[in-house]
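Chain IDs A, B, C, D and E follow the sequence of writing; residue 1 opens each chain.
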Amino acid sequence: MANLTGLLFAGGLGFMLLSIASGLDFGAPPMLVGSEIQAQAPQQTGAVNIVTSVVLGYRAIDTLGELSILFAAAVSAGLVLGRRHTTAGTQSRGGFILQCGGSLLFPLMMTIGFYIIFHGHLTPGGGFQGGVILAAAFFLPLLARPGAKLHHQSLSLIEGFAGASFILIGLLAMLEGKAFLQPMLIQDTLGQLISAGTLPLLYLAVGLKVGAELASLLSRLIQTEAPQ
Amino acid sequence: MSTNLVLTIALPLLGAFLLPVLMRSSVAIALWSGPAILIYGCWILAELWLSGFTQPVSIAIGGFAPPLGINLYVDSLALLFAFAVQLLGLIFWPFTLDRESARRQSLMLLLVAASSGLALSGDLFNLYVFYELAAVATFGLASASGSSAAYVATLRYLILSGIGSVLTLFGIALIYSQTGTLNLAHLAQLAPQQLNNGLGLAAFLTILIGIGVKAELFPVNTWVPEIYATASTRLSAFLAGLLSKLALLIILRLLLLIFHQPEAAQVILILGILGVISGELAAWRAKEMKRMLAFSSIGQLGMIFIAMSLPDGKGMVAVIALALHHLVVKSGLFMLAEDWGGAIQRLRGSAKASPLGAALFVLFSLSLVGMPPLPGFWAKFVLITELAGQVEPLYLLGLAVFLLATVVEASYLFRVAAILYGNPAEETLGEEIPKSQGLALLSASLFGAGLVATALLIAPVGESLQAIAAQALDIDLYIGTVSPVISGGSQ
Amino acid sequence: MTSAVTPELILYITAIGLITIGLAGVVMSSHLFRMVLALVIAEAGANLMLVLAGYRWDAVAPILTSLAEPAAMVDPVPQALVLTAIVIGVGIQALAVSILIRIHQRYATLDRREAAERMDAEIAATLGVPRDISQEEPLGERPLPPLPADRANMRGDSP
Amino acid sequence: MILTLLDELLLFSGATLLVALFIGRGLAAGWMVTILYAGQLLVLLKMAVLGYEGGSIASSLSLEVMGQAMSWRFDALSWFFALITIGSALLSSWFSCGAWERSYIRQGGNIWLFHTAMALNVFTMLILLASGDLLSLFIGWELVSWAGFLLMALAGGVATKAAMRYITYALAGGMAVFGGLALIHTASGSLQLDAVVSAVEQMGSGKLWLLVILFGGGFGVKMGLMPFHLWQAPAYAETPGPGSAFLGAISSRMGLFAILLVLVKLFGIVNIDSLKVPFTLIDARDLLAWIAVFTIILPTFTAMKQNDARHLLAWHGIGQGGYMLLGIVVADAMGGAGGLLHVFNHATYQAALFMAVTAVIYRTGTSDLNKLGGLVVRMPLSFMVLLIGIIGLAGLPPMNGFVSKWLVYRSLLNQGMPLLFLAAVIGTLGTILSVYKLIHNIFLGQLRVEHEHVNEAPWSMMIPMLLLSAIIFITGLMPGIPLEWVASALRTVGLPVPDYTLGGVESASGSLDMIWVIGVLFAGFGIGAVVFYSAGRSKRVHQLDNYAGGHFLSADVRYQYSDNFYAGLMHLIGGWYRGSFLWLERGITSLVEFLSLGMQGLYRRANAEFYLLTTALFVIAWVVI
Amino acid sequence: MNEIELWILLLLALTMLSAAVTVLLVKNHIAAVAAASVVSLGLALVFALLRAPDVAMTEAAVGVGLSSLILALALRRLGLWKLDVSGVESNPLEHPVENRDG
C-alpha cells in the first residue's frame, strides 16, 4: 500500500515539477541583480571572486545565519548525544601506514586549508571548503589512533570566538558609522591578498567556525560509545 | 536610531556563540547575559515605537542598496512582531539550571534571533535561512527534554520540515529564474509582469507548503501534536504562540506583495477550512491538556488562514487581530498547562487548589471561544462580517465551518473547565491535586492581564489595528520605502 | 546543440529526478536511516535546480580575470545561495543522524512505524492516559513487541 | 455627564454584583443583596413612565469599536421584562436569605458563588434588555447565556452535566445568531435597528428565510422551543432552590424578548407571514405557531411522567413558553396581549411553585414525588401557595394564568385556527393532570412516618411565597394592571393593542371581566358552603381512623400509594416523543465523536505520503489545469 | 557548452539518477551511503561543468567527503556497519522488519 501511494505520489510530483520546469527558459537568466553585482563588486568589495563578494558582502547576513545553523546543529547534536565520553570508539586502531600518513598529512592539510581560506576572494574556494579541510585535518588523527582525543576546550573556544568575531567585525563597521557587516578598508588594488579589506578576515572566521563545528560534530559522532 | 534594529538579530547570535565559553568561565554572567540581551532588545524596539514610529523604514545590511544587498523592512506590523519575539523569548526563557543549560540557552537565543529575522527581513532567501535556523534550534530544544518519545517526534518533525525546505528551495529557484532577484520589494515591482502566471503560482504553492510546516498549515502539520506533547511546555508555547505566527507573516507578505492570483487565495482557503475541521474535531476527544491545546491551535491557525484568503486584503484586520489574540491566549494556556499537563481527568478539583489558575483558564477559554466583551469576540466578529460579505460559496462554507467549529471548541474547553471546578473523584482522592503555581502561573496571569486590558481598551486597540493593517496592505508604500533600483540594468 | 538531447533537458530531468526520487524515498522507505539519505538526495536536487536558475550560455565562471573586458559571467548570486544551502543541509543531516543514534539506543529499532508506535505508547504512558482506539494499530498490522526490560527502564537519562 | 435613569439602573445592578462579589461570604450578604435588588426595583419604578406612556430612555453610554456603533436604551418592552426580572430576583433572593442560606451552607454549598451568579444574571439580563442595536443585543445575549451557565453549574455533579449540555445548546444557538448577524451586516451595512428594518424590506425571500431560521433557531434554543428543548428541564431543576425559581421565572423568557425584538419588531410579522414553506400550504408563521403548539404539548406530557417535583415544574416551564410564542405569533390584539401577559403570569406562579417545592425540600430533604405525601396537615401554608400556583399554572379561574390563556384561546378562535386551539386545549389538559399529580403526591394522601414531625416552612421563606400568591390572585382579579404595561409593550413592537379594562378586555367577539367571573365563582363557593354547613352533619375524624380488611390502620401501614402516578396513562401515550429527540441528540453527539476519532487517527498515523499526495494533487490541479 | 561536455553531462546524469535509485533500493546500508556519495560526486562535477567552481568545491568537500563520513560513522554507531546483504536485521533486540524499500 505504502509502495503504491508512494509511487503514485512520486509520479504525480515528478510530472508536476516537470510541467512547471518546462515553462522555464534555460541559459538566459534575467540577471537583474547578478549583472549589477558583477559591475559593482570589484569596487564595492574588492573581491575578484564575485561569489565571495556575494557571500561575504552582499549577502553576508545569510552567511551569518548559516554559521548559526551549523552552530545550532552542533549544539543540538551535543544535547542529543549527551556529554562526550572520553572512552574511544570501539573500532580497532588503524594500521601503521594510516598512523604515519595521518601524522604526515596533518600539517599539509592545515596549510592547504588556510591557503584556500585566505585566497577565497581571489580563487575559487573560501571559508567553507577550507573549513571542511581543516575539520578533516583535525579529524584525521582520530581515525588514525582512536585513543587520541581532540582538545575540546580549545575547540569550543574556537567555535565561540570565530563566530563572535564575524559579528564583531560587523558591529565594528556600525561603530564606524557604516551599516552592519559593511566591508571596510578596501584597497583599490585588485587581486592582492589584502585588497579585499576585511573579507579575508571574515572568511577566516567562517573557516575556523566551520572547521571547529564540523570537527566537534565528527568527534562527537565517533567518541560517544557505540551501543552494545 | 532605527539601524539599531540590526542588534535585535546580531546580539542574540553573539550571545549564543559566546554562551558556552562564558559558561565555562563564570556561570553567573553566562546565566544573566541571555536575559540581559533580550531586555536590551525589548528596550530598543520599545524606544523606536515610542519615538513616534509612523513611517516604515528599510535598513540595508552591509550598506548595499536593497536589490543587491539584503534589507530589513520595518513597518508597524514587523515591529510589533519583533517586539513580541523579544518579549516572549524573555518570558519563555529556559531558566532551569543544569549541565545542559548553556546549550539550551544558546539554542534559545538562536531561536530568538531567527524569529526576529523572520519578522524583519525583506529578502526571500534570507527569510529561508532564518527559517532553517529557527527550525534547527527548535529541533535541538525539542529533543532536549531527553525522553525517547521526544527523539522520535523530533526526527519526524525534522524530516517533514526537510521536505518543506526542499520545496521552498525549489520555489525560490523558480522565482529567481523568472525574475532574477530575491528582494521582496523588487519582486513586488516585477510580479505583475513576470510572476502573474502558472509558474508564479507553482512557486507560491511550493513555498506555501514549505513555510506551512511551521505555520501548522493543514497537510503538513502532523508534527504538531507529537512535538507539543513531548517538548517542554515553554518551547511549545513559543512555537504555538509565536513561531507559527511568524511563518504566517511570511506567507501573508508573499501573498500581499507578490502573488495576486485568486487561485493562491483559494488554495489557502481550502487548506484553512480543512485545518479548522481537522484540528477542532481532533481536539474534541483529546484526553490530555497539551494535545488538546495543540489540536486547538491547529484549528485556530486554520481560522487565520481562512481570514488570510479573503480577496484584496479585506481580511487583513481579522488576520492581525486573530493572530495577536491567539498569540496571547495560547501562550497563556500553555503556561497553565506547564503544571496541568497530562490527563485532563487528573485535574478534577484543581480549582480549589489554585483558584487563580482555574480563573485564568476560564478567561482564556472564553476569549478563545469568542465571548463578547473579550478581544476574541471582536477578532471573530471582524472575520465573519468579512466572510459573509463574500459571494463565493466557498467562503460561506468557511463561515459555516467556522461557526460550527466554535461550538465544538466551546464544548471541549468547557468540559475541562467543568472538570477543574468539579469535586475530586473518589479514586483520585489519594493523590495530590496538581496545582498551577510559580513562574508559570505568573506569566500566565501576565497574559491574562494583557487580555483584560485589551478588552477594556478595545476601541483604541481596534483603531490602531486598522492603522497597522492599512500600512501593511500598502504595496506602493513597501516598494517606495525599499526603493529597489537597478541603475545600469542589463536586459 | 545539434542533437535533440539538449543540456537543459538533461539538467532539468536530473534535478527534478533527484528531487522526486528523494521525496518519494522519504515517503516510501520504512527505515529511518533511508529517510535521512533520501532527504539528502532531494536537497542535492534542489541545489542543482538553484544553480540552473543562474546558468548562462557561453559564460565564464564569476571570477574576474582582468578588469579590462568583463566577459559574460554566469549569475553569481545563485551560486552563493547554493553554497549556503549545502552547508545548511549538512548541518541538518548531522543533527538527524545523531537523533537517529539516540532513537536506536532507546528503542532498538529504526523501523519508522514501530518507532512511531512506541512513541505513542510512551507519550500515553507519561501523560497517564489510556491510548485511544485511534492510536491502536489498524487492522492487518502486526502487534507491537513488548519494550525490552533493559531499554524500558532507561528513560530520560542518557545511557 | 448627566446620568440618565437607565445609567442609574445599570450602575445599581453593577453595584449589586460587586457587593455580592466582595462581601458575598457573610450571612448578612443575602439581606444586603436583597435590599439592593429592592433599590433596583425602585429605580425601575421611577422609569414607570415607560410602562404607561411608552417612549424610551437612552443610556449615556455608547461605544464605537471597529466602525460598529453600540448604544443602549430602555423602552416599554424592556421595562416590562426588566420588571419581571428584578421582581423575581428580589423575591428569590429574599427567599434565599436566612434559613435556606444556612441550610445551603450546611450542605457544603458556596453561598458566595450563589449570590454572585444571581446578581450577574440580573445584571446581564438588564444589559440584554437595554440593547439598542443588534450588536449590543448579541453581546447581551452571550453574557446572559454564560451567566446562566454559572448559576446552573453551581450545584456540581448532575447540575454540571446539565449545565454543560445547556452551554453547548446555547452556544450553538448563539453561533446561529452570530451568523445571522453577519448576513444582516452584509445586507444593511450596519447593525443599527432602523438600517436593518430598511434592509429587510428589499431582501429576497430566500435570504429572509435563512435569517428567520437562524434567528428563530438561535433564540428558540434559549426559549426551549421544540427540537431544542431537551437541555432546559434538567438545567433549571438542578439549580439550587431560589436559583431555579429565578431561572424558571425569567431566564428562558429572554429568548422571547429577542424574538419579539428581531422577528416581530425588525422583520415584522407581515414579512414572516409572506414566507411560504415550499410544497406545503402553510407559511413561516404557521410553522412557528405549530412549533409553539408542539412545545406546549410534548413537554407537558413529559412533565406528567416526572417523579421529581422540580423536574416536573421545569418541564412545565418549557410548555408554558409555547403559549407565549403562540399568542405572539397569532399577533392579533388578544393574542399578543395574551402572550405577553402570560410571561408575567407565568413568572409569578412558576416562582411561587418552585419556592413551595424548595420549602418542602428544606423541611423533608427530598423532592421525590414517590417519597412524599400528606404534608397538608404539617405545612398548610405551603400547601395553599402550591394550590394557588398550580391553579394559575393550569390556567383556571380565579388565578392569573386563566386570563392570559383565555386571551390566547380567544385569539385562536377569532383568527379561525381551530386545530391550534384544539392542540392548545390538549396541552392544558395535560397541565391539569400533571399538576394534580404534583399537589397530590406532595400534600395529599397519607403522611409518611418519617415526616411526622415536619413543621411549616420558616417565615423568611414564607413571606415571599405569600407575596407571590397575593400577586397571582390580584393580577387574576384585576388583569388590567399588567395589561396596561403589556399594552404599551405591544405598541413598541408594533402589534395591535386590545382595549382593556381593569377587570379584563373588551372586544366585539367576546369580552372578559375577571371581577365578575371571580364574583360569581365565590358566590358559588358561598352557596356551597351554606348548603354544606346547614345540611349535613359532618364529623371530623383522623386520617387513620378507619379500617380495611377488618384491621385498624396504623401510621406505619402504607394504605395509600402514590408511586408511579399515571402509569397507565403513560403506558397509553408511550415514551416515544421524548425518546425521539434524545435519539437525535445522541446521534449528533456520536457523529462528532466518530469524526473526531477519525481526525485523531489522521494525525496519529501521520503518513507523509498521504498528505504530500493530497498536496501534490492540489498543486497539479491548480497548475497543470 | 560543446559536444563533449554534453556527453559528459549525459553520462553524469545517468550515473546520478541510477545511483539515487540505488540508494533507495539496495538493501545494504553501506552500499546506500556509497551510492549517495556517488550522487554528490556527480553533482560536484555537474557544478563544475556549469561554471560554478566554488559550488563544485564545496559540494566535493562537503557532500562527497564530509557527509559520507558522517553517514559512515552513523552506520557504525547504529550497528548497521555490515557488509552482508541481510544488513537490515542487525540488532538481535530488533525483530525482523519487512523491507518496504524494494
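Structural remarks
By definition in this document, a contact is a pair of C-beta atoms (placed from the backbone, for glycine too) under 8 Å apart; a residue touches a chain by one contact, two chains touch by 3 or more.
The structure presented is a predicted model; accordingly, all values stated were derived computationally and were not measured.
The fewest steps needed to get from chain B to chain C, moving only between touching chains, is 1. Central chain by Cα centroid: B, whose mean Cα position is closest to the mean of all protein Cα atoms.
Across A-E and C-E, it is C-E that has more C-beta pairs touching. Inter-chain centre distance (chain D to chain E, centres taken as mean C-alpha positions): 76 Å.
With centres taken as mean Cα positions, chain E sits 13 Å from chain C. Distance between chain A and chain C, defined via averaged C-alpha coordinates, is recorded as 19 Å. Counting partners per residue, chain D has 597-598, 600, 606-609, 612, 619, 623 as the residues that reach two or more other chains. Chain contacts: chain B has residues 125, 129, 132, 136, 139-140, 143, 151, 156, 159, 163, 170, 174, 176-177, 180, 182, 198, 202, 226, 285 touching two or more partner chains.
Counting partner chains per residue, chain C has residues 7, 11, 13, 17, 19, 21-24, 26-28, 30, 47, 52-55, 57, 61-63, 73, 75, 77, 79, 81, 83-84, 86-88, 91-92, 94-95, 97-102, 104, 116, 132, 158 touching two or more of them.
Contact residues of chain C toward chain B in the complex are 19, 22-23, 26, 32, 35-36, 39, 42-43, 45-47, 49-50, 52-54, 75, 77-78, 81, 84-85, 88, 91-92, 95-96, 99-100, 102-103, 106-107, 115-116, 118-119, 122-123, 126-130, 132, 155-158.
Chain D meets chain B in the complex at residues 63-66, 68, 138-139, 142-143, 146, 153, 156-157, 160, 163-164, 167-168, 171-172, 175-176, 178-179, 181-183, 185-186, 592-593, 595-600, 602-603, 606, 608, 611-612, 614-615, 618-619, 622-623.
Within the complex, the chain C residues that touch chain A are 7-8, 11-13, 15-17, 19-21, 23-24, 27-28, 30, 52-57, 61-64, 67, 70, 73, 75-77, 79-81, 83-84, 86-88, 91-92, 94-95, 97-99, 101-102, 104-105, 158. Those residues of chain B that touch chain D in the complex are listed here as 156, 159-160, 163, 198, 201-202, 205-206, 209, 219-220, 222-226, 263, 267, 270, 277-279, 281-286, 295, 317, 366, 369, 371-373, 377-378, 380-382, 384-385, 387-389, 399-400, 403-404, 406-408, 410-411, 414-415, 418, 421-423, 458-459, 462, 465-466.
Those residues of chain B that touch chain A in the complex are listed here as 3, 6, 9-10, 13-14, 16-18, 20-21, 24, 59-64, 67-70, 99-100, 103-104, 106-107, 110, 113-114, 117, 125-126, 129-130, 132-133, 136-137, 139-140, 143-144, 151, 170, 174, 176-183, 186, 190, 197-199, 202, 486-491.
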